[in-house]
Amino acid sequence: MSDIVKEFNEYRSKMNDKILNDNNKIIKRIFNLDTNAYTEGALDVKTKELLGLVASAVLRCDDCVKYHLENCHKEGFTKEQVVEALSIATLVGGTIVIPHLRRAYEFWDALQEN
Amino acid sequence: MSDIVKEFNEYRSKMNDKILNDNNKIIKRIFNLDTNAYTEGALDVKTKELLGLVASAVLRCDDCVKYHLENCHKEGFTKEQVVEALSIATLVGGTIVIPHLRRAYEFWDALQEN
Amino acid sequence: MSDIVKEFNEYRSKMNDKILNDNNKIIKRIFNLDTNAYTEGALDVKTKELLGLVASAVLRCDDCVKYHLENCHKEGFTKEQVVEALSIATLVGGTIVIPHLRRAYEFWDALQEN
Amino acid sequence: MSDIVKEFNEYRSKMNDKILNDNNKIIKRIFNLDTNAYTEGALDVKTKELLGLVASAVLRCDDCVKYHLENCHKEGFTKEQVVEALSIATLVGGTIVIPHLRRAYEFWDALQEN
Amino acid sequence: MSDIVKEFNEYRSKMNDKILNDNNKIIKRIFNLDTNAYTEGALDVKTKELLGLVASAVLRCDDCVKYHLENCHKEGFTKEQVVEALSIATLVGGTIVIPHLRRAYEFWDALQEN
Amino acid sequence: MSDIVKEFNEYRSKMNDKILNDNNKIIKRIFNLDTNAYTEGALDVKTKELLGLVASAVLRCDDCVKYHLENCHKEGFTKEQVVEALSIATLVGGTIVIPHLRRAYEFWDALQEN
């Protein structure tokens, strides 16, 4: 099962390299901001990752959800906490979030198997 | 072709079980509401399924479209009626709905082959 | 209260005239389709108006909701039926639909006062 | 300035009463879930309010943003923390979030004046 | 009529000042990118403004549409060209774009009166 | 790699045929408009294709992005120009556009290999 984690990260990493090598300044800076925005500030890193997860879930972006799930896993969130965050996303975003919830569960389980 | 129906239902069913076994109260109640909302009331079941289909189509949720297509099929809607509902979705939601329309056609044809 | 109905229709009508007088062919044809899509076909007019209402509600377009509420009112839907359709929209689209639900209630009440 | 807080709460409260008196079961349960989802669980109330704020902001729902800003204010978040959460929303959701950011700033300032 | 241009610019300018004075680094950089992205590059400024307009219109952000309409006006686009761009937005984004089209027409006319 | 271009076009073409043979008038006219909207007018074909690309990207429709990338390629846009258009889409639509940007890069590279 954990192949879905590996596959996701390999494709993501390969294509990000292509994009960054292309040297479009605006895109590079957006990528750069994407790193900076989740660093410690008035809010701690853990809270910010959870915000990124919920934002991704309500906007129904599977790849973004996977990315933040992986970071939430690294930051030491329990499954119960992550699911609670996703329950808020499902309530705010509606039942159209449910298919993404199914894929989020699958990915989280794969992360825990690693 | 009808494998896409089977595959969809198996994954959906397997992951829904995992989600519901997890016992997050909010998510369980949303799943519960999702069943109750489509039962007979001031509007009949058929009309409600069609509403669910169009809501799913304009929000461009393929899995939700498949789920409601299957219910519309069970409720005895003709292809012409389903396509008319989807034509309204395409008009309201714009040409970005068209790729989902292609997949909806494929799924409906698979349902009819079963 | 019914001023919100009048105000909505006057602005809508005034601006639609300006748009149509401008003679952009694509826009004129979209307006034309918007009339044709809701006429009797394999589905009846009433069902189609309800589909238009739910599509508008999940896409959170207040003006589109108002337009279809007015047509639903003319077609003889009861408040209970309209609210049931909107309840499906709120479930599918999530709690972000609620502010639009509030405005839909206000508009429907204004329609009934006329 | 704080009139915008009062005005928002009065309209919201008045229309919510109308909606809840209408006794549509699905809508009542969604309202009920909306209360339950933000109570203490594996995540604390403060974190959940911030998740609700960011979900509302990326989905560009001004009224939902106002509602969660008010709760964040009550929960004791500093402006710097709230703005950091909104900065993540703006990054994830793009520059189309900026007009909502302007209205969020205006509302937060009004909350602090009260 | 041209008051809607003035009003829009004054509020936008006032709130942008508040946001930028607040010194959140992520938000400041996004604002900065928003200026840089529309400067001359492999594509000219005029084309970029039109891209910004269409992106804003399909995402149904009235304030963003107004901002880009004003820039398109300054860049010397004719009404016919702007309307053609908006016709593509309406086709891609669907009839839910129409209410925003009405407000775009009103704003463009106000720009031309100035 | 160019298999992804072939595969995309074959599925698209096969399903479009099924849809058009079905003779739903509204859908046929939307398809027809989709051809007409991108022809020479007050704006030239190249500009219109770029508008279609950016509209598709901010609405996060991979298939629509692929379709317009192919047309942009035929119209002679350079990669730098296409990437600049996509950078505006990523800024306006936010980091949730990035996964679609990755797939757009992959598709463009496949187009250039053909």
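As written, the chains take the letters A, B, C, D, E and F, and residue 1 is the first residue of each chain.
Heads up, the rule we're going with is that a residue touches a chain if its C-beta (ideal position, glycine included) is under 8 Å from a C-beta of that chain, and two chains touch if they have at least 3 such contacts.
Since we're looking at a predicted model, the values are computed, not measured.
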Separation of subunit D from subunit A in steps, with touching chains one step apart: 1
Any chain that touches subunit F and subunit A: B, C, D, E
Chain whose mean Cα position lies farthest from subunit C: A
Rotational angle, Cα trace of subunit C fitted to subunit F, multiple of 5°: 180
Of E-F and A-B, whichever chain pair has more C-beta contact pairs: E-F
Chain copies touching (subunit C, subunit E) - same or different residues, decided at half shared: different
Geometric centre distance via CA averages, subunit E-subunit D, whole Å: 26
Rounded Å distance, subunit A centre to subunit C centre (Cα mean): 36
Rounded Å distance, subunit B centre to subunit C centre (Cα mean): 23
Subunit D residues counted as touching two or more neighbouring chains: 26, 30, 33-34, 37, 56, 58-59, 64, 80, 83-84, 87-88, 90-93, 95-96
For the subunit B and subunit A complex, residues of the former touching the latter: 11-12, 15-16, 18-19, 22, 24, 26-27, 30-31, 34, 56, 59, 61-64
Parts of subunit B lying in touch with subunit D, wherever the complex brings them together: 25-26, 29-30, 33, 36-37
Contacting residues of subunit D [partner subunit A, same complex]: 30, 33-34, 37-38, 41-43, 47-48, 50-52, 54-56, 58-59, 64, 78, 80-81, 83-85, 87-89, 91-93
Touch list for subunit D against partner subunit E, complex: 60, 79-80, 83-84, 86-88, 90-91, 95-96, 98-99, 101-103, 105-106, 109
Of subunit E, residues touching subunit B in the complex: 58, 90-97
